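Right after this note come the structures.
Below, chain A partners chain B and then partners chain C, in two separate complexes.
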Partner chain A sequence: MTLSRKARDTLAFWGFVGPFLIGLVVFGYLPIGWSLYLSFFDARNTVTPSVFVGLDNYVRMLSDGPFLASLGTFSVFAAFIVPLTFVLSLALALGVHQLKFARAFFRSVFFLPFACSYVVASLIWKTSLFSGVRYGLANSVLGLFGVDPVAWTGTVHPPLYWIVLVTARLWLQLGFYVILFLAALQRIPRHLYEAAWLDGAKSGWQVFRYITLPQLRATSVAVLLLNLINAYQAFDEFYNILGDSRGYPPYGRPPLVYLYYTSLGSGGQDLGRGSAGAMILAMVIALATLLQGRLFRFDRSAS
Partner chain B sequence: MQQRNRRAFLSLAGTAAVGAVAAACGSNTGRPGDPPPSTAMSAGASSSAAAPRVALQQWYHAYGEDGVREAVRGYAGSYPAAEVEVQWNPGDYDSKIVTALQNSAVPDVFEAQVKIDWVRQNQVVPLDDLIAPVKNDFSPAVLAAQTVEGKVYGIPQAADTQVLFYRKSLLQAAGVQPPQTVDELIDAAGKLTKDGVKGLFAGNDGGVGTLTGPLLWSAGLDYLKTGNREVGFEDPRAAAAFSKLHTLNANSSLLLGAPADWSDPSAFIDGLCAMQWTGLWNIPKVRDAFNDDFGVLPFPKLDNSGAPSVPVGAYGAMVNAKSAHVKEAKAFVKWLWIDQTNDQLEFATRFGFHVPARQSLIDRADILHTGPAADVVGLLKDHSHLIGGPVWTQMANTALSDAVAKIAKEGADPVAQTKAAVTVAQAELKRLFG
Partner chain C sequence: MIRATLRWSALVIAAVLFLVPFYLLLRNGLSSRAEITSPDWTFWPERLHWENFGRLFDRQDVPFARSLLNSAIVAVLQTTGLIVVCSLAGYGLARVPCRYAKPVFYAVLATLMIPASVTFLPSFVVVSTLGWLSDFRGLVIPGLFSAFSVFLFRQYFLDFPKELEDAGQVDGLSRWGVFRRIVLPCSRGFLAAIAVITVIGSWNAFLWPLIIAQDPDSWTVQVALSGLLTAQNPQLDLLFLAAALSIAPIVLLFAFLQRYLVQGVTESGLKG
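And then the complex of A and B:
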């Protein structure tokens, strides 16, 4: 018995798509649905709760100082890290794009950190580069100028721990966005630059402002959106740099770390509150993304 | 009916998933062949020649000392009445356990400190019948760590404590006496901070995690009081004690940002600090580095109305209520942690310094009879306090930890911050006891 071509195509389609679809449902949609369900129950130490509490968990989370503080802290962090990442990755991409030789080498150099584990990078940042003792790399350099060792992760006034967190994040993710911008730069038609030159545009800022930047609109908006979402989803480097076996300090605590300690922290699990917090965070991210998309007119094609 | 079906499904799915993970993680029984014969049979642990031996899963967190893993595998391998598979769990063990207990039959036996929410959710089995004959032999503090509303849920395996290690020669050179009060500790830390050496290391969080309890006890207070029905630090003296941690953080005499945290002695051994708050288990390493040039102290009293203190923590062997073999798991726990006293003594004292949970075994532990180790045993006897305890919930702990961190690191108002933590702890007690 031979299958018709259509049947073979259908079989092949489900053969390839099926496993991923199952994975998406089991590890994506089902947990989201179950989390939504849990958020309406008193679910301490259980995933099969029986006490319905309505919106109580949402009310508690929205009046929970530490949770709101974590949202506020990270809105500030996002407002800082998103433009910084955008400007630096665009600058690096423009630099690499201009290179006449060794372009592949530098592309790889910038992209390589993206392949590094966040946990490994965090531990290197914490114990080697920004260790608070005299033989940490940053303190060794400062020592050359007679400066006493600085407790980078433990100094709150001024908040030096942000230097550790921000540099770790930049090192880890910059390369990815450099690649996105490089791909977009290579898609800009050469004749646009030739036309601009013929019209008398000066190379440099003028060409960048009126030709390159508008042509990068779609990629720029995508980079900004991805950056914003990543900022709100920050967990690994924060947990590994500022956390320890006894817990996590109240400063520099992103929402996901707070929710982790609420839902899965050692000794207690309040899955109802944690789920409500996760839903609120998802809504905040969705809202911020929509607003940003509207602000930068994501749907408008490049002119 | 719908609820029951959903629970049944989740229970089955959870069991299958955890079982699959556990199976994939390893099959370390510690036994290359058949288990050796044992004469240490106990009631309820007799094996039947006809019935197949049940297989039990036992979980430990990853002990840092060399040899512990092999030893506990060996104990499990010697058990005659069941196959006991030991799983070693590096990483965040406490979180892993609370997740596993939700709807999983695995592990059957595990080490932990009981929490009241586990009892309320029927996740652990009371073990009073096992411990009853020898209950008076256990130190009261370690037993309290496993007791909820009068019932014992874990058989204490060994006790640990933390003390203040100090370099005698450095204190002598600086003209500093071993501190007896918190103010003397602050003064000593300041005087010992010089030439690239910090006065005190109490964790990279500035002592928030390790010194919160000792500061409360130094003022004669505690996390909870009145049989765990009232918050124990609704008192201006708590705020006064916490403000001392701010003084320590603000005067630059604390070591911060060390590569290893408070539980590791490397900062002290490497000469980065003159004093370190760390665990009893580090005595062998410190002694190897400094011979007799070190001493140990309790956390000092705040003033004459307070008292010196050392914290006590103790993992106990517990039985998962959802285990398919509760009876067999209890029999194994009794065999190992009640009957096998030689193994208990070896577990506590051979691989690093811990104090046996039972008084009769402390008397048999020669290495705890001299030097700083003997001092620590004395401190445990006279000044031990339980860290938090089974009724002290994660939410209350986060609130107190946040408050102390804000006081210590940010110079926040101690009274207002302490009140905020009291409010959260009171709400938790109301939730638990109405």
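And then the complex of A and C:
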């Protein structure tokens, strides 16, 4: 018996896509469904629900100071990291792009931290660069100017710990966005610049404002969105820079750190509330992404 | 002229700042503890303390050598598996005609909207139900089904020259034969790009291994480092040496395959 061509194609399609699809259902859809289900139940120290509690977990999460504070922490972090990353990576990309030689060298240096993990960066930042005692590099440099050692990660007023967290992330991810901008800069057609020159745009700022920046629009939107989504997911450096063997300080907790301690930490182990928190977070992220997409017309410029 | 000088100075200063953390890693890893904690900063240790290597690997409380091995195993299995599973799916979605192709593609796209780390709890629930805690299966398998990689493969295969495939079919190859004998060999550059990105992502992953690898013998290198870092009275010299060792394989890989990595990043605009 021979199958028709169409039937053979259908069979081949499932052969190609089937293995992935099974995995996607088991490790994508099923967990999310299960978590949604768990979020309506009391589930402490267990992954199987016991008592149905309705929306109780949600109400408790949303009236819970620390969870709302963690959303606030995220907002502060994003307010620092998103514009800083954007401006600095664009500036570095422009600088490297205009070089006549040694371009590959600088590109490699800026991209190299991308190979490091957040754990390694946290270690360097916490115990060496911004160590609170005199032997840290930042404090040693300040010492040259007669400034007393600063407790970087422990100072809440003013919130100096943000300097540690933000610079660590900048170091790790700037290079990645520099590469994105460099690729976009190379795609800008040369004749646009020649036309601008003929039209009398003489200063570098004018050319940048009216030619370069509009041409980078799609990449800029992508950089801002990726950056925001990555900021939502902040966990590694917060956990490793601010946490220690005694636990985690009450300040500077982004949502994921809070959920981690609520659902898996030694204290709570409350998977029901943790799941409710994860659902709320997912909704916040989806909403913000849609809103951003609208705002920047992501759908149009990306196509 | 002045602008060029300014640009050069700015770039050189930035480059030095970018390299400082690498310098600290090496300096501290090969110093004695007294030199790291000395209030008088020295640029370089008086003598290099190579014996730190022995002390690091002799430690009983943190199985560091074991964690390096675990990370290597996870990275290799995950990268190989992801490439197999996701390239197949991407090719099927891009090239094999089927009326379910569109709905399946939308089902894949939908999961892209939800960031992976929001799903860490639900996935933990599933993995622990399967009994895969502290087990390579729990570390590796959930990471194989990356909707994002499938999306990238699909976009790539959509642009693959159709004439090559047609020639193969005329010669009597099946869909599978075309994929294995024509499409895959011609896509080595793209496969390498995805492989490098996956290896780096897998090696540097932290949150997932932290919750899955609960038994110290199943720790990956990032979890082991974090354990050393958040312990009471961390031994700084050993900690820095461990960190330097942990980035060495990735930096080497990076140096040799940077070309593919840059290509992959610029072609896809993907996340870090």
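The working rule: the second predicted complex is superposed on the first by the 268 of 303 C-alpha atoms of A that agree within 3 Å, B and C clash if a C-alpha of one lies under 4 Å from a C-alpha of the other, contacts with A are read in each partner's own complex, and residues count from 1 in each chain.
Here is the rule we use: contacts are C-beta pairs under 8 Å (C-beta built on N, C-alpha and C of every residue); 3 or more make two chains touch, one makes a residue touch a chain.
Just so it is clear, the model here is predicted, and its values are computed rather than measured.
In the superposed model, A:W152 makes contact with chain B only, not with chain C.
Once the two complexes are overlaid on the shared chain, A:Q233 sits against chain C while remaining clear of chain B. Once the two complexes are overlaid on the shared chain, A:F110 sits against chain C while remaining clear of chain B. Look at A:Y261: by the touch rule set out above, it reaches chain B but stays clear of chain C. Of the two partner chains, chain B is the only one touched by A:D270; chain C is not.
When the two complexes are overlaid on their common chain A, residue A:S203 makes contact with neither chain B nor chain C.
Set against each other, chain B and chain C touch different numbers of residues in chain A, with C touching more. In the superposition on chain A, A:T127 contacts both chain B and chain C.
Within the superposed three-chain model, A:D244 lies in touch with chain B and with chain C [touch as defined at top]. In the superposition on chain A, contact is made by A:V47 with both chain B and chain C. Annotation: chain A residues 47, 127, 133-134, 244-245, 264 touch chain B in one complex and chain C in the other. Chain A contributes residues 8-10, 12-17, 19-21, 23-24, 26-32, 34-35, 38, 47, 92, 95-96, 98-99, 106-129, 133-135, 137, 140, 171-173, 175-176, 179-180, 182-183, 204, 219, 222, 226, 229-230, 232-233, 235-236, 239-240, 243-245, 256, 259-260, 263-264, 271, 274-275, 278, 281-282, 285-286, 289 to its touches with chain C in the complex.
Per the touch definition, chain A reaches chain B in the complex via residues 44-48, 50, 65-66, 127, 130-134, 136, 149-157, 244-247, 249-251, 261-262, 264-270. Put simply, chain B touches chain A in their complex at residues 3, 6-7, 10, 92-95, 98-99, 101-103, 115, 117-118, 120-121, 123, 196, 203-206, 208-210, 255-259, 261, 263, 267, 272, 393-395, 397-398, 401-402, 405-406, 409-411, 420.
Taken together, the chain C residues at the contact with chain A in this complex read 3, 7, 10-11, 14-15, 18-22, 24-25, 28, 36-39, 41, 85-86, 88-89, 91-93, 96-98, 100-101, 104, 107-108, 111, 113-126, 128-129, 141-142, 144-145, 147, 150, 174-176, 179, 200, 203-204, 206-207, 211, 222, 225-226, 229-232, 234, 236, 239-240, 243, 246-247, 250-251, 253-254, 258, 262, 265-266, 269, 271-272.
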